[in-house]
Amino acid sequence: MDGTLLLQLTINGVLLGGVYTLAAFGLSLIFGVSGVLNLAHGEFLMLSGFLVFLVSDRLGINPFVAVALVSPLFFAVGYAFERLLIRPLALRKEHVRLASATLVTLGAALILEDGAAFFSLGTEFEKSVGYFLPTLRLGPLVLPSLKLVVFGLVALLIAGLAAFLKYTYVGLAVQAVTQSPRGALLNGVPTARIGAVAFGIGTFLAAAAGGLEVIHSYVSPLIGLPLTLKYLCIIVMGGLGSFVGVALGGILIGLGESFVGFLNPAWGQTVAYLLLVLVLLTRPTGLLGK
Amino acid sequence: MSATLIQARGVTKDFSGLRALNAVDFDIAAGSITAIIGPNGAGKTTLFNLIAGDERPTSGTVVFDGREIGHLAPDEVCRLGVARTYQSVRPFLGLSVWNNVKVGWLYGRGGRAAGLKMEPDLNEILRFTRLDGIPERRAETLTPLERKRLELARALATHPRALLLDEIIAGLTPTETGEMMQTIRAINARGITVLLIEHVMKAVMGLSHHVIVLHHGEKIAEGEPEAIVRDPGVVEAYLGTGTQG
Amino acid sequence: MLLGLAGLALAALLPAGAPQAQGTPKEIVIGGTISQSGPLQGIVAPFVKLAKAWEDRVNARGGIPMKAYGKSLPIRFVIYDDKSDPATTLSFYERLATVDKVDVFIGPFSSGLHNAALQASVSHKIPFFMVEGNDPFLFKDPNPWRVTGLAPADKEQTRMVQFLSKLGGLKTFAILARDNLHEKESAKGLAEMLSQAGFQVVYQETAPADTKDFASIVLAMKQKNPDAVVVEALAPPSNIQFLKQAREQGLNPKELFVSHAPVPVIKGLGPSSENMVSMLYSFDGDSADHKEFQELCKAAGFEPWQYSEAGIRYRAYRRIEDALERAGTLDKEAVRKAMWSTDLTLFGEEQMKHDATGFGTDMPYPVQVHDGKYVSLWPIEKGLKVHRFKDGKW
Amino acid sequence: MRRSVPVLALGLGGVLVAGLLALPWLPLAGGGYAVKVLTLLLIYVVLAQSYDIVGGTMGYVNLGHIAFFGLGAYACGIAFNAGLALPGALAAGMAVVMAFAALISYPFFRLRGAYFSLAAFGLVKLMENVTINLRWLTGGSNGLKVAAADRTLPMYYLTLGLAAATILAGWLVNRSRLGLAMKSIREDEAVARDFGVPTLRIKTQALVLSACFPALMGGLYMWYFNFIEPAQVYGLKIALQPVAMALLGGSGLVVGPVLGAALLYALEEFIWTHVEHLQGAILGLVVVLVGLFMPGGVARLAPVQRLLERIGLREDDR
């Protein structure tokens, strides 16, 4: 293949990675702080996309405005989710806790998925906003504008989160809890509240991703679990508690899918999981995990 | 008790740049009771972990009964005859007292005590550690003292040749301390070599034939207990850290 | 141990299997499953309402006349949710046969589910109308009880090809299909028919079913620079994704043909969907059947063009009713014979028959998006006047 | 308290025994539908029970258990099409799966807790995609087809037998030396290791053991349905169902998974035949409530424990 094509594939891959990273961030934050595999993460993404579609399609509001309106609500959703469903499990033995958390989040996922499907009955099952940003061109190269926006957002988020974790009390607390929950508790960090906050932020990020998803792609009641799985792959690949690692994992998968997808579409969707296994074989704690 | 059971030579352990142990040498005589003392962070528990195989020395060798064990996995070391207890007790909380001990007996003995039948032997061990009568209880329902005894029982069930006791006396009442010291003597009387990490000087003086003093990962002294307490270096180390807080 | 408990719990779910009262039956029971959960629900879930609407309609006019009993019998649909899952499908068709005692099976959606469902028709000797299963492999195992209204998958696009060869102005085609039994078959057939008609297929690829990003495929397609891009039966959501990225990556074909493009696709593309060609199992017309179909969809709560398979269902209902009426009895063998010997004219021009294997004649018609709505490109002469090329404008 | 239950207990005990004895004769009673439904239930019993060997006794929540089922189904189907008789095909499938389990246990068991669960979950999707892409072998998205026949009755009895075998295996493991080692790993892997438990070997043995039952089940499933697609045997929902069942019933107890499978499946069957909409949501709600309020599962609830005691099924998981 010629240079332009190579470059184009790289651009597409990196930007796609950006899209993956956005939601994976939230999951990583949640996983890091509460040690919970939130199987419902993708469902929140779906739900937010669902709402963004309704707001922009039925009320005719610009989808980006809709995202700005909808996604903050999900901080509360996530916060409540943690308080009601996750915190009660906190004191259980580790393997019991892991199991119960699996049940609770799986059940929640089922409820959200089926609920969304129920409300889609008779209307569009797949929801996608017919809104395009003008495509940017660099000579022969195409810069997918929307993904560019997402990517910028991710970059900002990384910077923001880094600052947040470094300089704010909550941020430091979050880090402390991520390092060692018990230690943090002993040092007077209100781990419970921190957990809820982390869930709030994480879910908000998922919601933002969902809003953008419904613009540049689509959202259907069924995308939740598969997406969650992909994001889980990404954060495990990147390594727990490492946001740069998450971005790295996301971009790696994006690039992989872009190139393999070009050479042989059939294997494009397999890359993520192959990479996961490869990384874990060589580094059980992930790329940047300690 | 002349033969050497455990021998350390130039044992060094680094944790990401931080040196926990620095070129420590010592010999533990078979059948002896040796106390390892030193201020917090002196590297005592690290030393135990290295002997038990939980961690590997950065450099240096640990030899057990003429065999280099520094590179062995903990389960192998255990089967060779090294059993331990933990500073903060770690029984199998979900399992019964009986099964806690049974794990050690089934998997930890290596070839030792081959002739014994499990039932009577475990019963004997539980009686010896005053846990008879509650073999059915879940470990999580036990008192702290009972948990310490359970750890001891689990270790004894492996019929160890060397027993590493990590602050097993710390936190006990005077009477309990007395009992525990008797128990340890009795264990030693069975020919089991005992290493103990202790802060309680009464126990150290009362039990040990030999004392090793660690400070900032270095061995600063060793010898008879009486000699050690008079050693100016040791006193300085303790007072020094004492004043530093 | 507790299996017993479960066994009883389940057995309790079964009504006491009282032997069916002999003599004249009270009603005609038509049973099947429609996926209301799982991956297929997006395509078929709304058709539960359609079935009910048809039931009401038939019963409103007194049911279906049955010579053997000298009177008309009302029909009743029994429909379960198969969760898009073969195992569930299998047990529900068994339930339909043994518990609900259906007279006629109407199939589920997709070949995988059909394969599971068909077992009940063999073991219980009940006529089975495969409403949406036209993949050759379903006809491998011997089973005299099954028949479909649809033409074989690889002939699906016959009318489209007929239209294109009249249209002219196009030479090279790129075809993308989702990697899935039916859609691959259909795409293969289209490619063959196109090359027979003298067109040139310069790119043909199948995308994994769960592909979320098509940028790379678009790039590969772009390099072949085809006149016409065909997204063959690449059902939503995949085709929404593909089209959005085709637009973004500047793939600007002269003709864009998306064979399965219900509302979500048109919404997802917004104004860019203008002049996109697609397929529907219906076409504009003013025959009585056209009117009835319109009203039926209204009653079910959607526009005829919103779900392209609605037309398939309508034809299925008509075929079943016709067969039952000609049989004039609920005797399974008689109904089966009647189904195989269907010869019915619908929409004024469609000759509905069956071939020796059990395949039917139903095929979709070309349509095109004008101002966010579908206009029919059929009959061809009319279609040629209406048709506009997309000419790479999104 | 104990005094208050005997009548109820004996009654229910009788019912259980009766139900159990009734199982083999059920087909003769001619309940075609009941037979089909029970077959599906028994399939879940096998999956949940075998999952629990690793998930319950050893405490590794294996979200990828279904991978063994799918691989078994495909391996057996391919062997069957190659001309082997069912027993041979099943044996072949089982061999492949056990080898696979042994192979993956090294990399996967370097991971602990959530990490392990994640990687295992990812494995399911990986298997699905690979299966789709190895067209020449698996038929890819066209699915795999074997000669069709009405195998309702043999399938029912074979599945019944396999379920019994799986339960027996679970019962034996929980009492065995191996089982004790697995429990010690569940409680504290590092300590178990300090006391001589060769953890990696034990974990591998456990995984291979728990893999052979879904392998056989998959083979039978393939043979029964005579057609499978990748998404059908590697689905994420199917992957999680046995886990949910085991936890609902009481993970780590032999009665747990059986009870859980029976309850969840009966509930599902009831909802899907009696409720118009939102069946999935109702099911989800139940799952959430169990996760929240019944960490030990139904089998560990005091009344159920007393009941089990009465009918001699109370187990000691200490």
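Letters A, B, C and D name the chains as they come in the text, with residue numbers starting at 1 for each one.
Basically, a contact is a pair of C-beta atoms (placed from the backbone, for glycine too) under 8 Å apart; a residue touches a chain by one contact, two chains touch by 3 or more.
Since we're looking at a predicted model, the values are computed, not measured.
Shared contacts of subunit A and subunit C, meaning chains that touch the two of them, come down to D. Compare each chain's C-alpha centroid with the centroid of every protein C-alpha atom shown, and the nearest one belongs to D.
Chain centres were defined as the mean of their Cα atoms; on that basis the chain farthest from subunit B turns out to be C. Subunit B and subunit C have CA centres that are 75 Å apart.
In whole angstrom, the spacing between the mean C-alpha positions of subunit C and subunit D is 36.
Averaged C-alpha coordinates give centres for subunit A and subunit B that are 48 Å from one another. Averaging Cα coordinates per chain places subunit A and subunit D 31 Å apart. Touching of two or more other chains is recorded for residues 93-94 of subunit B.
In subunit D, the residues that touch at least two other chains are 129, 132, 186, 277, 279-280.
Within subunit A, residues 114, 117, 121, 226, 266, 269 each touch two or more of the remaining chains.
Taken chain by chain, the contacts fit none of the simple shapes, being neither an open path, a ring, a star, nor a full set of pairwise contacts. Across the assembly, chains come into contact as A-C, A-D, B-D, C-D. For subunit D in complex with subunit A, the residues that touch the partner chain are 55, 59-61, 63, 107-108, 110-111, 113-115, 117-119, 121-123, 125-126, 129-130, 132-133, 186, 236-237, 240, 243-244, 247-248, 251, 277-281, 283-292, 295. Across the complex, subunit D meets subunit C through its residues 15-23, 26, 31-34, 36-38, 40-43, 45, 129, 132, 140-143, 145, 147-148, 150, 152, 163, 167, 225-229, 231-232, 255, 258-259, 261-263, 265-266, 269-270, 272-273, 277, 279-280, 313.
Looking at the complex, you find that subunit A touches subunit D at residues 31, 35-37, 39, 85, 88-89, 92, 94-96, 98-104, 106-111, 113-115, 117-118, 121, 225-226, 229, 232-233, 236, 266-267, 269-270, 273-274, 276-277, 280-281, 284. By the touch criterion given at the top, residues 5, 8-9, 12, 16, 57, 114, 117, 120-122, 124-132, 135, 137, 142, 144-146, 216-218, 220, 222, 226, 257-259, 261-262, 265-266, 268-269 of subunit A touch subunit C in their complex. In the complex of the two chains, the subunit C residues touching subunit D come out as 1-11, 13-14, 17, 36-37, 39, 80-81, 83, 85-88, 90-91, 94-95, 97-99, 112, 115-116, 119, 122-124, 137, 140-141, 179-181, 184, 208-209.
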